[in-house]
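Below is one structure, written out as structure tokens; comments come after it.
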Amino acid sequence: MNVLQLVWLVPFFPLVGFLVNGLLRKQLPKSLVSIIGSGMVLASFIVSVLLFSEVKQGNTAVVNLFDFISVDTLKIPFAFQIDQLSSLFLLIITGVGFLIHVYSAAYMHEEREEHFGRYFCYLNLFVFSMLLLVLGANYLIMFIGWEGVGLCSYLLIGYWFKNTEYTNAAKKAFIMNRIGDLGFLIAIFWIIAKLGTVTYTTTDGAGVFDLYEKLTRTDVIGITLLLFVGATGKSAQIPLYTWLPDAMAGPTPVSALIHAATMVTAGIYMIARSNVLYTMAPETQSVVAAIGLATALFAATIAIKQNDIKKVLAYSTVSQLGYMFLGLGVGAYTGAVFHVMTHAFFKALLFLGAGSVIHAMHHEQDIRRMGGLAKKLPITHLTFLIGCIAIAGIPPFSGFFSKDEILAAAYSKDHIYYYLGIAGAMMTAFYMFRLYATTFLGRFRGTEEQKHHLHESPAAMTIPLIVLAILSVAGGFIGVPEVIKPGAHWLEHFLAPVFEPSARIKGEVHHLDHNTEYMLMGLSVGLAVIAILVALFRYSKKPEVHEPAGFGKVLADKWYIDELYGFVIVKPVNWLAKWLNSFFEKKFIDGLVNGVGRLVNYSSRQVRLLQSGFVGNYVLLMVLSMLALFVVTFFIKK
Amino acid sequence: MLIERYIYLAIALFCIGIVGVLARRNAIIIFMCIELMLNAVNLLLVAFSKMHHAAAVAKGSTAGIEGQLFVFFIMVVAAAEVSVGLAIIVMMYRNTHSVDVNFLNRLKH
Amino acid sequence: MNAIVISAVLGVVMMFCGVFTNSKPAVRTVAVIGLLGLIIANVLDMGGYHFFNVNVRGMLAFDVFGLLFNTIAFAATWIYFLLSGRDMERVGVNLAEYFALIFFVLCGIAIVSAFNSLLMLFLGIEIISIPLYILTGSDKRNLKSNEAALKYFLMGSFSTGIMLMGITLLYGVKGSFNMDVIRAGSSTLTPMLAAGLLLLLFAMSFKVSAVPFHFWTPDAYDGSPTVFTSFMATIVKVAGFIAFIRLFEGCFGEMHKQWQLLAAIITAATLFIGNITAVFQQSVKRMLSYSSIAQAGFMLFALVAMNNTAKEGLIFYAAAYSLATIGIFAVLLKMKDYTFEGFNGLAKRQPVLAATNTIFLLSLAGIPATAGFWAKFYMLSAAIDNGNVMWLVIVGVLCAAISVYYYFRVIQAMYFKDGEPQEIETSRSFKGLLIVIAAAVVLLGIFPHWLINQLYSFFYL
Amino acid sequence: MALGSAIMVVISRNPVHSVLWLIITFFAISGHYILMNAQFLGIVNLIVYAGAIMVLFLFVIMLMNLNAETEPQKNKWLKLAGVVAGGCLLLVLVAALKQAEVKGKVAMLETGDIGLIRNLGKALFTDFVVPFEISSILFLSAMVGAVVIGKK
Amino acid sequence: MIPVLLIVIPLVSGLLAFLIKQEKSVKVWSLVTSLITMVVAILGIAVLHKPEYLQTNVAWLPNLNSNFSLTMDGMSKLLCLLTGIAYPGIFIATWNSTYKNPHQFYALMLLMQTGLLGVFVASDALLFYFFWELALIPAYFLCSIWGGERRVAVTFKFFIYTFVGSLLMLIGIIWVYLHTPDHSFAMTSFYKVNLPGNTQGWLFWLFFLAFAIKIPLWPFHTWQPDTYEQSPTAVTMVLSGIMVKMGVFGVLRWLAPVLPVGLWGYGDPAATMCVIGMIYASFVAMQQDDLKRLVAYSSIAHMGLMGLAIFVTSSIGIQGVMIQMFNHGINIIGMWIVVELIERQFGTRKMSELGGLAQKAPGLAIMLVVVALANVALPLTNAFIGEFMMFNGVFSSKASNYHYIFMVVGGISIILSAIYTLNMIQKVFYGNTSSLTANARDIRVNEKFVLAVLLIGIVIMGVYPKPMIEATKHAVDAIYSKMFIKLP
């Protein structure tokens, strides 16, 4: 039996974990819950590794489990596809997922038992959904996972459900995701309407990616744009990004797993998966690139002025996701996926590090009340620093390679993309080190009590940090650019079969010459270093404690986008709902219905007055109506 | 004499009866007006009867005789109605000392 | 002929009963038994056993349609006697005379269901009307009864005049009162014929209380002793319809198209006014009299449609409507308070009465599984079959919906409201009979084919 | 004359006068009957209507001691409406029957003996025997009615 | 055989239940009856599926060519199954509710079941109409006697409203009957009738009104929130879970195949009403504070989608409608059970007065969340399958020129439904406890049992819908093929 047939085991383990933890959460002790929770993900990871090794040898497979929906000509099986792209994502999800599970076991230890169980049950469910999303062999299965991760994100953001603000954030996340989902759904319908299938690719050439030539230009543009709408929702791009910063309401490991490493990259996965379609639609690609770049810059500006440690990281995530979309937009699919991977490492690391800090500070998240933590939390400090360097794009840390690949592709597409992108990279370096400096350098600004209790986190938390730090450092070497060492870009070769059709469509790609490429690298690294130095210089000694003013305030208040949405969308919607409910429904429609009743009543009251009780009147009315009927018969009908 | 004359005459009488019913409030007079209507009908019936008879007289038939017999029956019925009607009016008068049809006006709407 | 003679004789018998005995139960028993005999005689008549062989000389023509109707009318009267006979005692002392008058009315009904000459129609209607004037006014001390009698009488005589004028004009054209003669060759509507037709239409509309000739109805029904209202509003009223449809089918059937619109207008007006006005009534009795106008509107569908379905339906309607209305009146008679409030909480104190009453009301409203549904169903399908008057059908169903409004007000009062306890004395047999009637209504509602089959087998013997 | 006196019936204040006017109307109508050679009906009309019925009316009126003042004035407008409505009806009927199909036929006929009592009687007891018998029921019920209502 | 049993068992048992005065025994009696009915329904579907078991044809009104003919095809089976399952579920879930005059309550409930099952199995137009109305009468009494404060007026409105619709339908039925080739009320004859286009047009509206009021479609829906709000919850469950399906069922069985041309001609305006209704009801639902009203409006939105999928015809859409009829029944009954539990415990349905229940009654919270998620059609719940197929059907339909617009605008309701559903969850279950909910207890065993069964059903049907699709496939094909007959 082919190992690939075992692919169902990958999502199966977390599902078991979900069920066991969910149903028995009151009975099981915390330790067992965490062992089950993490163990199941570990099992998945092991299977994933097995699968990966199989895929590495060039074997791919589509595994049909059962018929899901099968009506008429439309047949949608419940099928998993295991190929280079999905196996790579499997590793990221289960690997990082496992680390975060382990981390969570320590981080969430203060929770009551049933809530602890609930937490792990959600987390397992999330891993399950994410695996479905990645493994699905057709858009519908992907959509199932897509909504599933949305649900888990909702549940986990609102994990502390007593707090209304948190549940509001959860709601917001779910609803914004739903908006994107609608786009995704319509895209699926569009595909079905045109091609009659949603399966990616089949052996007999009847999949979407086999039949793409049947699509007209409008179709392709429409479908890809709608898919992209879905991606903007899930991957927090303009205009649907505002939920992600709010999503930081959830427990920090959740932020690390869902809102940094995995779920938010679903959009990138989807577009990478649909690369054929996108390559066919350069118009959409431009849109994707533009939106990605805009998001990257926009979020970066906001991140500069944030004071909540998790908010900074959240905006940074948004910004990095923007980069990935930029990569997708300029056709650097590999680069985007590469960045997904490295980003998963270092952003998970950063979040977990932040979690460690928060843990140590007793749930204090404001960096203005931190400072000087480097000595107290050495491991956290070190790993966090590694993460910062990685995200800032300093070679040879992983972030450098992936980001550089995207920027290089952007340069070859259009110079302006590159320049803007590099500006964003500069800002990234700046705000990350602002964060680092404010948190870990300088003197401690928290309360005495916090100071008293400051301590390094337990091993369950630091070990994942260390592992992730190692990955952040080394992760980049699977994608060393050709220019440095020819043939070293292992990832590109690995993923080539997936992107092969789009490469075929694109035809010969113009490669940058080596000098230019070195120059670009040098420029970006140089600017990043400058930004880092400025940030360190500025914030390590005297962090900004006062409220920002002027333009800084605009940034700190996130460009007032939330307020704008509130004013432009939420308020009118509420107002409309209110109007419909209180006026249109009650007064108009119901009033109309009741009005008929009232009319009958009223006319009854009037008509009965005819019955005056006077014989004379009766006879008169009779005679008059006789007269009328005579007239009708004799003089009108003729 | 042409039949139209009788038609007009009878209708005129009939309508006078109706006007009487409409215009008066005395129950007895209203009742009398109704009798007037019946008489108008009778007159017309006899006229028609003669008309039909005239049309068929050559054959020596008794055509038209039903008309006159109908008149007879109308008179019979009228007599019966009068007895009942006057009884009702007297009954009312006994209870209310009025023959005004509008006097009793408890049943309405 | 059996029915006419026997009912007349029974009337006389009842008169003498009044002379010879003072025992009320005896009188009642005689009446009930006599009526039973009448029914049997009539049924035998249908079966071909004619007790009296009179040469009617074209004055009467007996057909199954009429005889079947007679049976239904007599049977309904019989039920009415059983249910409400006791309540007649409360009206006045002349119990035997009341029964006699009712028998005379039945005689008139038998005549109008068999007339073949306008003369007989006239006499029949008068025989129905004159006793009714009296019954209306039979509560002599009650001013309402007086008033009702006076109004009914004056307007009734007035309409008699109109009818006579119509008959006369027809006679002027045709030279005969015999319907066979009148029918022959009626293909175009000449002015005098039209005038006669209209006048007859008005007069008959008056008798069946069709709008705008309905004004007497609410007052007369409201004013007369309730026990007689029950009789007038059911049996007499549908008899009027039989006469109506017989007359118009016999005389003007072939020129139906030319007066259909007129009939439809009257029907629509009847439906509208009857239903609308009933909505706002405070007294159940008065509501029922308006409802009888409304139901008349539905029965008028038969006239408008004028086909076989319609005639079958009319018979069915007569049965369904009479049964239900007699039942409701029987309950109403036991109440002291005729307003809707009087019914409040009846379900708690008298569940049987309330339940049966509910079934009757549902039947009147035309809810399936009651006889009333089929009645309406037949009327509607007759009109739809006719095809020319779809607008009337729509008006009809809308009005049917309005009718639900006031019928259900009674149900609401009985079931959903709490009221003052009212002393209602009912005997076991009374309840039993009500249940039987309700069961009959439901059975007819589920298996109408029993009655329909009777109709069919008679129509297509 | 018939018309004139009929109008007088309607407009007389005093019920007694009305009755008298009505009797005159009946006389006029009887005259017409006789003119039309319907002698029997003419006589019966006089006896039954003018004689019996009207006397009954007179008796009742006298019994009640009614006079002009007992009848209160009806609403003027209503009265007017009644007159107008009646007039309109008259107009409409006349207009409608102007085109009557029997136009031009003759009704007055000196000859003919159908109005004689012998012929009428024969017809009454042969062809019209059923209605004749039936009318007895009518009388019976009227009688019962009068008793029921008249009895104290 | 089977369909007759389905009708007779609840009928007889319902009538007998009037005589059982003891509360406990009448409860047991009706539960047992409903269980037997359920078993019979399942038998008919799973075991005795030969046609001779599933058909009955007895002469009823020979003069009218109307027979007491019952047939169970795929669609009937599905809905009979729904009814069969729902009733015991409702009885168990409301076991702890007490009613005055319980024998009348349960008797009427069973009689209503007779009417419902009759509607679903009748294959004679007149019989269908008969049961259609018959289901209404017990509902009227149930709501009016045991309902909330404004019950009498509200139920009255509901009754008259639906009655108007059914009378109009009666006109339509009679008209079609008179134009059938063999003057018969049989369904097969109705399907053979071939009316000219404009006639079908106005007949369409007659039928449509009846069904639209029942479903209910905007703007004929105003009876519904009031009635749901005022009815006792057990009745609301039947009303919303089963009775409104009568409307959809009616469209599929008696409107679409009989008047295909009318439906083609006026599908667009009808579909527009559906779409407006979906959006409109979702908006209004956002403003509701009363749980029952919220669920009622959400139901309007969902039913609107079913209407849309029918009027913008497509095979897959109709398939979706069929599945969704069942699923929606299950889901909304689940919703009502939760609402009922809340109301019984706290005496209020106002969301503003509740809160924090997730702490106190986690079992309840989980149940509600899952049902609510099914309500918003989350994948792997049953509703997703139905909604996916319906939306897909609308999108790919060839019957309408505006199907893209319909789908996209209708799709907005997906977002809106998430908004109001999450709002509800948040207000009721999250946040801090209010004074009312401070001492809340979790759900009882019987309630848990019913809900758990429902949840398992929801998930199974969401993951593996194939059996249900297979079961109804034939019925869908039959309906769909009849919608393409040629104009005369």
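Letters A, B, C, D and E mark the chains as written, and numbering starts fresh at 1 in each.
Just so we're on the same page, a contact is a pair of C-beta atoms (placed from the backbone, for glycine too) under 8 Å apart; a residue touches a chain by one contact, two chains touch by 3 or more.
Note that this is a predicted model, so its numbers are computed, not measured.
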Identifier of the chain whose CA centre is least distant from the whole-structure CA centre: E
Best-connected chain pair, where connection means C-beta pairs in contact: B-D
Rounded Å distance between subunit B and subunit E, as computed from the means of their C-alpha atoms: 66
Intercentroid distance (Cα basis), subunit E paired with subunit C, Å: 43
Length of the line joining the C-alpha centres of subunit D and subunit E, rounded to whole Å: 70
Inter-centroid spacing, subunit C versus subunit A (mean Cα positions, whole Å): 77
Two or more partner chains touched - positions in subunit E: 160
Multi-partner residues of subunit B (each touching 2 or more other chains): 3, 7, 17-18, 21-23, 25, 30-31, 48, 51, 55, 64, 66, 69, 73, 77, 80-81, 84, 88-89, 91, 101-102, 105-108
For subunit A, residues that touch 2 or more chains besides their own: 597, 608, 611, 613, 615-616, 619-620, 623, 626, 630, 634
Those chain pairs that satisfy the touch definition: A-B, A-C, A-D, A-E, B-C, B-D, C-D, C-E
Subunit C contact footprint on subunit D (complex, rising order): 93, 96-102, 126-131, 134-135, 137-138, 140-142, 144-145, 147-149, 151
Subunit A residues touching subunit E - in the complex, by the definition given at the top: 66-72, 74, 78, 114, 140, 143-144, 146-148, 151, 154, 158, 161-164, 167-168, 170-171, 174-175, 178-179, 181-182, 185-186, 188-190, 192-193, 573-574, 576-578, 580-582, 584-585, 589-590, 592-594, 597
Residue numbers on subunit E that touch subunit A, as the complex places them: 157, 160-161, 219, 221-223, 280, 283-284, 286-288, 315-316, 319, 356, 358-359, 362, 373, 378-380, 384-385, 388-389, 391-392, 395-396, 407-408, 411-412, 414-415, 418-419, 422-423, 426, 429-432, 463-466, 469, 473
Parts of subunit D lying in touch with subunit A, wherever the complex brings them together: 74, 78, 81-82, 85-86, 88-89, 92-93, 95-96
Complex contacts: residues of subunit A adjacent to subunit B: 608-609, 611-616, 619-620, 623
